[in-house]
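Below you will find the structure I want to go over with you.
Chain naming follows the written order as A, B and C, and within any one chain the residues start at number 1.
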Amino acid sequence: MNNVDAFIAALPGIGRGILVTLELTLGGAVFAFLIALALGLATRSRLLLVRGATRIVIEFFRGTSLLVQLFWLFYVLPLLGIRLDSLFCGILALALNYGAYGAEVVRGGISAVSIGQFEASRALNFTSWQRMRRVIFPQAWAQMVPPFTNLLIQLLKGTALATFILLHDLNFFINELRRSTGDTLFAYGIGLVIYFVIAYLLTLGMNAVEVRAKNRIAAGPTLREVMGLKPPKARSQIDQTPRSRMTGVIS
Amino acid sequence: MPTKSAARTTAVPEPPRIQFEGVVKKFGLNTVLDGLDFSVARGDRVTLIGPSGSGKTTILRLLMTLEEANGGLISIDGEPFTHERKGKRLVAASEKYKRRMRTKIGMVFQQFNLFPNMTVRENITEAPQHVLGQSKDVANMRATELLAQVGLEGKADAHPSQLSGGQQQRVAIARALAMEPKILLLDEVTSSLDPEIVAEVLAILRDIALSTDITMLIVTHEMQFARDVSNRVLMFDGGRIVEEDEPEAIFTNPREKRTQDFLKAVL
Amino acid sequence: MTDLWSWDRAFQAVPVLLEGFQITLLATALGMVVAAILGLAIAISRRSQFRIIRWPVGAMNEFIRQTPLVVQLVFAYYLFTSISPLQIGITVIGIHYATYMSEVYRAGIDGVAPGQWEATRALSMGPVRTWRAVILPQAIRSTLPALGNYAVSMFKETPFLFAISVVEMVTAAQQFGAQHFQYIEAITLAGLIFLIASYPTSLLIRKLETRLAY
């Protein structure tokens, strides 16, 4: 039971590693979301210049590979006199990369809202900001949650690259455990299971967000109804949801 | 409204509520309105009839600024609508100006277009509160009144998706009225309703028409409704007015061949 | 700025990067072959009538898909010491993407009208014939754009091979930077090469998408 002893000895380290991984994931996700919102809304700008510039930014960060961006921020930026903390470096790279993907989600969600909603908002004389905030976005949001869930899981998986900019994340401590036990299968088995559990919990959380978003636009049961396993009539709707969000699509 | 009736008795003519002068609207190569002229007086209830594609709906959409005209001038109460006066010149209207002019106009759509993320009450109070700046209490009180008027007292907290089509359209009517429009545009408001529900919606509209002095511009295929409610009917074809008259006259004794053919087909 | 970026060094870096780029392309192409075939096998076994096949395949599929590719790469690298890193890399990337592809195939298969299954039943066609002659030809057509999208995305993830010391383009760039004590040229160029290669491909796929959408 050497492995068990080694595992117990490694627990504090793994705990710290999980913390760093979570910091990267949540920090990256929050900034990615903000970037996605800004870029996604800018793709709908009336000004050609804004639209064009946004397109370039999005394609740039989608096209140049996450690891390259990470290395660029870590190795090259200091040469330009900007020295970022490793953790912030990781968060920034994740945010820029997944923010660019998220921008497409925002754009798609908004364009999925029916044109009649835009027209009715105009007939009621809302300003374009009121229209977006009160009418369009709440409806688009329900559409955006499942693809955002995919992106969040992709982002979590991307955090494992942080080891290569010398961050002591979960990935790093898995390797430490392998070294101390000499048992690859054991160390990586545990490590992958931890990643899987985190992914699972994030998915559960996002499912709750989705149920709420759909309920808000009265297209589904309330969260309480879903948790209570009660209503047979709402069944079909709940059944489809977990499936759609598991499909990790990134391109 | 004593001032209004007083104004009516004076000799100074009021400007028409709505005036189209040489309005042109094209979609690509297709000219939908070709130099259209017509005007609607205050309190008039005008029905636009004619085959589909004749430009009736386009007129409503131009008024609601959902479309932009390619030429000509649209005025409301004597003030240019799509253009604003800068000194003596007319320049394209700013968004701010258009918003000010638009507060006079309400619209009810064929597809209702209720906001699914809001309750019935919120659908009605949202714009009065955030566009007109009414207090929540005032907006709520007015919403309650309007819901009673359209026969949906108990439905204030329902979501649109829980209502039938007819009920949704009644909410949409209440929502438009909550903005106290001077002009109400009705765009085929019964076309996506089941036949047995059409009557209940039309009855409400008839009520409103006869109990208020809102100017109405109506596009409909319900000829009986046009007859009951409007005091003028314009027959459109190919982006022009073919014939206009009082409903009784136009329905019983149309002069133009196009009108006769059209009425024969729809009645 | 001038002594920061040296065109000399940039020109020196280009051949090194292009050599790495060949490995990048090779890994993408072979990885995609693995993903396309294995993904189909997973999708079909997940529709098996036997729970004993359906269940473990489904669980494994989820597990691989929801955990980081880099960690899986290093895992396999330490586990199979006798196999070359490049082979391990291609296989692991292939398997990881097979789990994505299986979802795409599944959607494609679900998209085939139920009447088609009923018709094969009515014609008493066997399962092999049913899949080969009726279901797959209809299902796969709609999966082509997704296949392309995943190829582009795999292409952008081949730098992860860095973790198991396969000298693909980004590894080459990093090594070049370390040797010359200057990273800016090599890493910037590597990024640009990715952009130049992946953007037109994405555009092409988008075109294919609209064409296949009838």
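We adopt the following convention: contacts are C-beta pairs under 8 Å (C-beta built on N, C-alpha and C of every residue); 3 or more make two chains touch, one makes a residue touch a chain.
All values reported here derive from a predicted model rather than from experimental measurement.
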Going by the touch rule set out above, what shape does the chain contact graph take here: line, ring, star, complete or other? line
Most central chain by CA mean? A
Highest contact-pair count belongs to which two chains? A-C
Counting only C-alpha atoms to place each centre, which chain is farthest from chain B? C
Rounded Å distance, chain B centre to chain C centre (Cα mean): 56
Using mean CA coordinates as chain centres, what's the gap between chain A and chain B in Å? 46
Centroid of chain A to centroid of chain C, CA atoms only: how many Å? 20
For chain C, give me the residues that contact two or more of the other chains. none
In chain A, residues with contacts to at least two other chains: none
Each of the following residues of chain B touches two or more other chains, namely none
Across the complex, what residues on chain C touch chain A? 4, 62-63, 65-72, 74-75, 78-79, 100, 103-104, 107, 146, 149-150, 152-153, 156-157, 159-160, 162-163, 170, 173-174, 177, 182-184, 187-188, 190-192, 194-195, 198-199, 202, 205
Contacting residues of chain A [partner chain C, same complex]: 59-60, 62-69, 71-72, 75-76, 79-80, 153, 156-161, 163-164, 171, 174-175, 178, 184-185, 188, 191-192, 195-196, 199-200, 203, 246-251
Taking the touch rule as given, give the residues of chain A at its contact with chain B in the complex, in rising order. 114, 116-117, 119-120, 122-127, 130, 134-135, 138-139, 216-219
Residue ranges of chain B touching chain A (in the complex, touch as defined): 64-66, 99, 102-103, 105-107, 109, 111-117, 126-127, 130-131, 159-162, 175-176, 179
